[in-house]
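See the structures that follow.
In the two complexes below, chain A is the common chain; its partner is chain B in one and chain C in the other.
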Partner chain A sequence: MEQSKQLIGIKEYIAIVILMIGTKLSDDTPAILFEQIKNAGWMAPIINGIIAIIPIYLLMKVVGNYKDKSLAEVTDHLFGKFFGFIILFTLLVVAFCATIVDTAIYTDIIGTMYFTKTPTIIIYGILIVVCAYGARRGFEQIGSAAWTVFPYLQVSLLLALILSIREGNTAFLFPLFGPGPWEIAKESSLRLSIYADFFYLFLFFPLIKSKKDFIKGTWLGLVFIVLNIAIFMTCFVFLFDYKTIMQLSYPYHEVIRTISMGFLTNMETFFLPFWLIASFVRFSIYLYINALLIGHLFRIRHFEYLIPSLATLIVFLGLIPESPTFTIFNLKEKILLIATPLFFFLPVLMWVVAMFKGEFKHANKKKRK
Partner chain B sequence: MQIRKNASKFTVFLFILLFLCGCWDQKEVEELAYVIAVGIDKAEDHENRVKISYLIANPEAGSTAEGGGSQEPPREIISFEADDFISSKNLANTVITKHVTYDLLRMIIVSEDFARDENFIRWIYDATKSMEIRRDIRLLVSKEDTATFLQNNKPVLETRPHEYFEKILDIGNEIGTTPPSELNTFFRITEADADLFLGIYGTTEKGEKKESDGDPDEITAGEFKYEGETNTTQFVGSAVFKEGKMIDTLTIEETRLSYLLNPTLKPGFFLGTFPDPFDDKYRIVTRIEANGPLKFDMKLNGGNKPSIHVKIPLLLEVMSNHSMTDYPKDAKKRKKLKESLKEDITRKFEDFVKKTQEEYKTEPFGWSLIARKQFGTIKAWENFDWMKTYPGMKIEVSVQLKLGKFGRQSDLPRLEEVRD
Partner chain C sequence: MLKKLLRRSYRNKKVNSEKSSEEEIKLNESNINSNLNKTVDSFKTIYSYPDNQDVVLRNIHISGSNKKAAILFINTITNAKSIEDYVISPLLQNQDSSKQIDEIITVQSLQTKNKISEIVTHINNGNAALFVEGENKAYLLGATNFEGRNVEKAENENVVKGSKEAFNEKSATNISLIRKRIKSESLVVESLIISKRSKNDLFIVYEKDLVNDKLLQNVKDRVNALDVDAIQNLSLLEQQIEERKYSIFPTILYTERPDRAASFIEDGYIVLLMDNSPDSLVLPATFWSFYHTSEDHYLRFPYGNFTRFLRILALFISLFTSSLYVAVVTFHAEMVPPDLLLAIAATREKVPFPAAIEVFIMEIAFELIREAGLRVPSPIGPTIGIVGALILGQAAVQANIVSPIVVIIVALGGLSSFAIGDISMNFTVRIGRLLLLFAASFMGLYGITALFTMAIFYMVSIKSFGVPYLSPLTPNYKSSKDTIFRRVLQKETFRPGYLKPKDMTKR
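Now for the complex of A and B:
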């Protein structure tokens, strides 16, 4: 068992982090933020990024205290078998719901923006089959795939950025504070869980080559993601102004439909494949996380075998909602609001428990010996 | 080894992409009818229906790759009544042999009659619903029915319709005879509810020439008189939209003024004429271009009446000298010319701004975007209510004129010497 453990290095890890969370800028996450915070929506990722430092830092303290223990094992260790099970089960439910909702959204994007005639089940099926295949290959494989495609994705994003800035107008950023500073702070911190994926990253702690790589990779990933999302959301405002942007379901896809490069007018066909690849990587990781948690909770050693059946379940659950553009948008918003306190207070709770149990002193003693 | 592994994985990814490029949405280029322009008119009897016209391009026509030298015409036009321009795609296929698609749609044409209708906005928003329609297409207003407009439009040289429209609208943009008029901008301005939107105004019918004092730029669509063997279509001036409804038209000159007053647009080189200060009989040909960005001084939040001061830096080149005045040697004459031009231009700007304040109650210059910078929150800005405050504002325009070249050969012989 120990021998087959797949370890990945820092660059693969960063690529995974960024593809997993940064891809959010291209779905309806910006729309959710713009909905309440209007033209100041671009501040939300920055504010949230700063707030997210607290839970991530505390988690690092706690999880980093143990060698070779993932978040799941640490939770069991800190809270005991019973409470540990409840907490991890909640995490699993949130992750599973998020996977269903997000895959449904991506299917909706592909269905409404690109392949209007293809039946939803086929799009959904292909998307999930590809991701399940990726997840089935294991964490190391996802990591190297992520690292391979990462530069291409960033270059395509950069190109989209340059083209849209050229056509945009900076005056749309004003009035700078949109609905008012207090409103911005409140509404964005309520949606802190756009970064909740960081929490799940700690499940991979023992799979990264060294503790240092993990810490460095996570922080670098956070900075990169905050910048990526904030810059892109600013760009959306530049191009559309706040009234229009509040009505767009998928701003990124409207952007690539609006920009053109010289005589190349229909640029969306160029950006679509890059975006698809990023989505594949993202959902492969999501599927892997789900399987990992189930494997831990129910003591299934070779949890990879669960992935195909999980994937099938996701497709059928994801197909249920009617007119997904609206229903899933609302569902996602609810999940975000529910997950926010979980993401913020659980690390705090874990840190406090670890303090009282004297875990940190324990570790220090060990080190001194 | 790692690289080879990665490369093979990447190939697998690419291979999987192949699945996504088709199946149900697979389209063969040969089997599509590309709509270049959609025309929308009011239906004759039904209030809640519209008349749709399609201009469909023949991709084979005029291309060098033409194999057997087909004699097919470059375009096809069809007009019919429908509920909207989305469902009309299927109706059109009762006549058109290929599958109608909006993939290459470049413009939406609306008749003036329909654009002035209250309900116009309901139909134009269909464009945001359809998957194929891009947001950077243009909005055109035709004086007559769009069906007539499209049928009368027979370009002599650029017979391929997409090429014709792209070229003529681009050139109009550059020389300032027509506004840029992107659909995206139309939606943005309508939703922001502060400025006016300018759409391209065109016609194929020759109207009555207005009696004016002879300034050839004070014309709008249908008023340009020309002869010869050419197309009947002209794109002249702009259609003014307020709150998603057309309210008026602008002449070429007014369109150019709004280019120069708009900080979000990049004006090109405009050729225009002004009265000669040394001889009333003649007019001076000038080439005007913006000489740097506009400078705004807005006082909106104070207790007093809100005021705006705009400084417009212009570079002007004198291209003709019919009064044969001695400019190179005589600095005083140059000064007089500059003063006179400056006065003329400032008056034009002021008159136009006044017109927007009194007639339209708001402006087509995008000034509200600059004004927004003075407000901290959206609420404060919405309470200020630009459309309500604009007519009462004190607006000053000052032109910073810089005289450039006096043509290729700057000096001319003195008339007295020639006629000696």
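Now for the complex of A and C:
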């Protein structure tokens, strides 16, 4: 009936947000945070979450001001064609690098933790084929798929949490502030860009059923993600203490290796499928974002057709680094550090420009009319 | 050379056949003549009388008005007795010259037509045609009587509690079975002719104050767009009108239970009926309509949901057991508790094949037994059971071709697949199981998960007549939330919102 309209509801949107960003707790993001702030690492997601409110709020003001315009169109509108292109191109480069690095990390996780004998290219290939297939189906379908699997993923995560808390030691949490409050604030805010994905969510603004759904979904998603990551990072500290955890690249996978339930002593393969599904959905969205941006930048209307070639490119670029566990860990840290100012100052800049151009007044006038 | 010759001869033949059919078409398009002899002659050529054994042509003399007349029908599909009683004898016995023909005949339904093609259609549908001297029209007398079976018990969709009636091959009976359940003037039964040569009738059944007009138009458009010679029954029609012809997921529901069809109509769905099909097509269909059975709602709330729980369990067991076994034994042996692992290893010790091959052998054997059991003539049916169970189960283990645990795994999966009653979904599950088994043999759990995720991505992108396959789960619509589990009957107050019915609330 209404086949042309591809709008998604709030449930699907929240599922997308959480699977896209919340999945970070299961890769090496916690390790990056623990590295500098030691046992107080669990505070970083909370501090960052609070700081992230500012850019997200400003961006919501700016983008929400226009009806049916995505972040890309708003940027073009505010900064003009030339600067708009440069900004969006930078965003695309960051997104593309992040996609390559993250897919490489996930491939590495699968390769080192579960399938040690399988060639990397096969693992990488399957990962990308599934994600490209998902992304090719379209945004609406990614949302639906995310919502279909979301409850089960959360249940599996909760189970992992319960089982690991049982075996943890709360004393490992102290001293509470680890290397000191100032250090925590500085180091964690430098890595604010773990939430940079929120910025990209604004690309989907016109694809959500209503503005209210988008705002509500984004805030709910943020709260949920902050809680999810913080609680899990606390849990990692309980279980391993800070000395060990600084050595571990993928704490989540070590956790599910450690825990046991009744007669099942090795649970990691039980959690693997759920984590895999979450990752597949996550990278489908990443791929879709990349294609969307390219489509906008180079005026390609049916950008879905780009996805397969984009995916192939990602596989070959992602395969380049040798000993990925260390190389990519460093690469990712660099990207995080570079993206942080972008994520914080761009929304501020957009808001300021919109203020000076009198965009908000225009909108108010329109409303009054 | 040969090709050229052949082509030439084909071309000649074609021209010939076209010529003859052209004449026929001309005859069919013309009106009937007021000269009785001429009319009768043209119908004789149309029906190849008297070569055609069951075509009856009887000349009579209407004594009252002193006119000659002829009556034509096909006696195998017409009720000869009623023609005799209500048409022929009144005409012969009539003495009143002022009476018109339609006043003499006492048969139930009577209409007049003058175009030959229309008359022919009526005769082919079992009506009798009466031609009268000096009149350029034919009287068509309703006396259809096709042979068929009576209303019998449902054979494929069994229930313990609830109505036992099933559709049969007569569409009139099927419509009556639905009307018996929905006694409402808004129930509409539209009829369409959908094939060019055999002129098969299709009945579209819906409630006019519920069904979404766009949906109805969509269905009608798709049916009208068909350009085929013959469509024998609904199973063939289903394949003509479905959207994704290569997909392993069915998108049109096929049910033989009138109660189920009626409850779908009451929710705003559209039901298709046809002669020669002991079933109905319900559209649009979602994944849930294949997963549900009518009994879920006939049973009390806890019992109904218990069967639902068993069914979803069976669905997952039959999809995943064999592939999980292969994945765990081949790739993730550390997952199994040591005692069990030792037990499995001990039974596998003498088996020369890898686990994947072993499971494949058993799966194929199981499917073969199943297929053979379906086709075997019923007197030798029990033999299949003995051969299947004893030789393939017991002996294969003793011969060290498969390990006992594989027999358990495959039997469990195969047995569970029977819990999904719908025949199309059953095939989906069985094919899906084999695909998952392939994935598991190559990449273990990673392969299974990859395929499963792709299947989910695929499922959410399927649409049946514009309705998303997994709705109302996703995308979300206002509905009674009758998906994996059902709710208490009093709380199921909404019609499914994805159909956009004219009336959303049930009361």
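Assume the second predicted complex is superposed on the first by the 365 of 369 C-alpha atoms of A that agree within 3 Å, B and C clash if a C-alpha of one lies under 4 Å from a C-alpha of the other, contacts with A are read in each partner's own complex, and residues count from 1 in each chain.
In this section, a contact is a pair of C-beta atoms (placed from the backbone, for glycine too) under 8 Å apart; a residue touches a chain by one contact, two chains touch by 3 or more.
Worth saying up front: this structure is predicted, and the values here are computed from it rather than measured.
Q: Overlay done on chain A, so just call it for chain B and chain C: clash or fit.
A: Partners clash after overlay.
Q: Is A:Lys11 contacted by the first partner chain B, the second partner chain C, both or neither?
A: second
Q: Looking at the overlay, does A:Glu35 come into contact with chain B only (first), chain C only (second), both, or neither?
A: A:Glu35 sits against neither chain B nor chain C.
Q: Scan A:Pro273 for contacts with chain B and chain C and give back first, second, both or neither.
A: both
Q: Figure out whether A:Gly138 sits in contact with chain B (first) or chain C (second), or with both, or with neither.
A: Once the two structures are laid over each other on A, A:Gly138 reaches chain C alone.
Q: Taking the superposition as given, does A:Thr148 touch the first partner, chain B, the second, chain C, both, or neither?
A: both
Q: After lining up the shared chain so the two structures overlap, which partner does A:Glu304 touch, if you call chain B first and chain C second: first, second, both or neither?
A: Neither partner.
Q: Would you check which partner chain A:Leu264 touches, where first means chain B only, second means chain C only, and both and neither mean what they say?
A: second
Q: Name the contact category of A:Pro119: first (chain B only), second (chain C only), both, or neither.
A: first
Q: Determine, under the contact definition given at the top, whether A:Pro179 touches first (chain B), second (chain C), both, or neither.
A: It touches chain B, and chain C stays clear.
Q: So which bit of chain B gets in the way of chain C here: 5-13, 149-157 or 239-247?
A: 5-13
Q: Where on chain A do the contacts from chain B and from chain C line up?
A: In the superposed arrangement, which is not itself an observed complex, chain A uses residues 110, 114-115, 118, 122, 126, 130, 141, 144-145, 147-149, 265-266, 273, 276-277, 280 for both chain B and chain C.
Q: With touch defined as at the start, can you tell me which chain A residues reach chain C in the complex?
A: 1-3, 8-9, 11-12, 110, 114-115, 118, 122-123, 126-127, 129-130, 133-134, 137-138, 140-145, 147-149, 263-266, 268-270, 272-273, 276-277, 280-281, 284
Q: Show which residues of chain C lie in contact with chain A when the two form their complex.
A: 212, 214-215, 218, 328, 331-332, 334-335, 337, 443-450, 452-454, 456-458, 460-461, 463, 465-468, 470, 473-476, 500
Q: Can you name the residues of chain B that touch chain A in the complex?
A: Chain B reaches chain A through residues 2, 5-7, 9-10, 13, 16-17, 19-20, 23-25, 103-104, 131, 134-136, 184, 187-188, 191-193, 263-264, 366, 369-370, 372-373, 375-381.
Q: Which residues, counting only chain A, touch chain B once they are in their complex?
A: Residues in contact with chain B: 38-39, 110, 112-119, 122, 126, 130, 141, 144-145, 147-149, 169, 171-172, 174-180, 240-244, 247, 254, 257-260, 265-266, 273, 276-277, 280.
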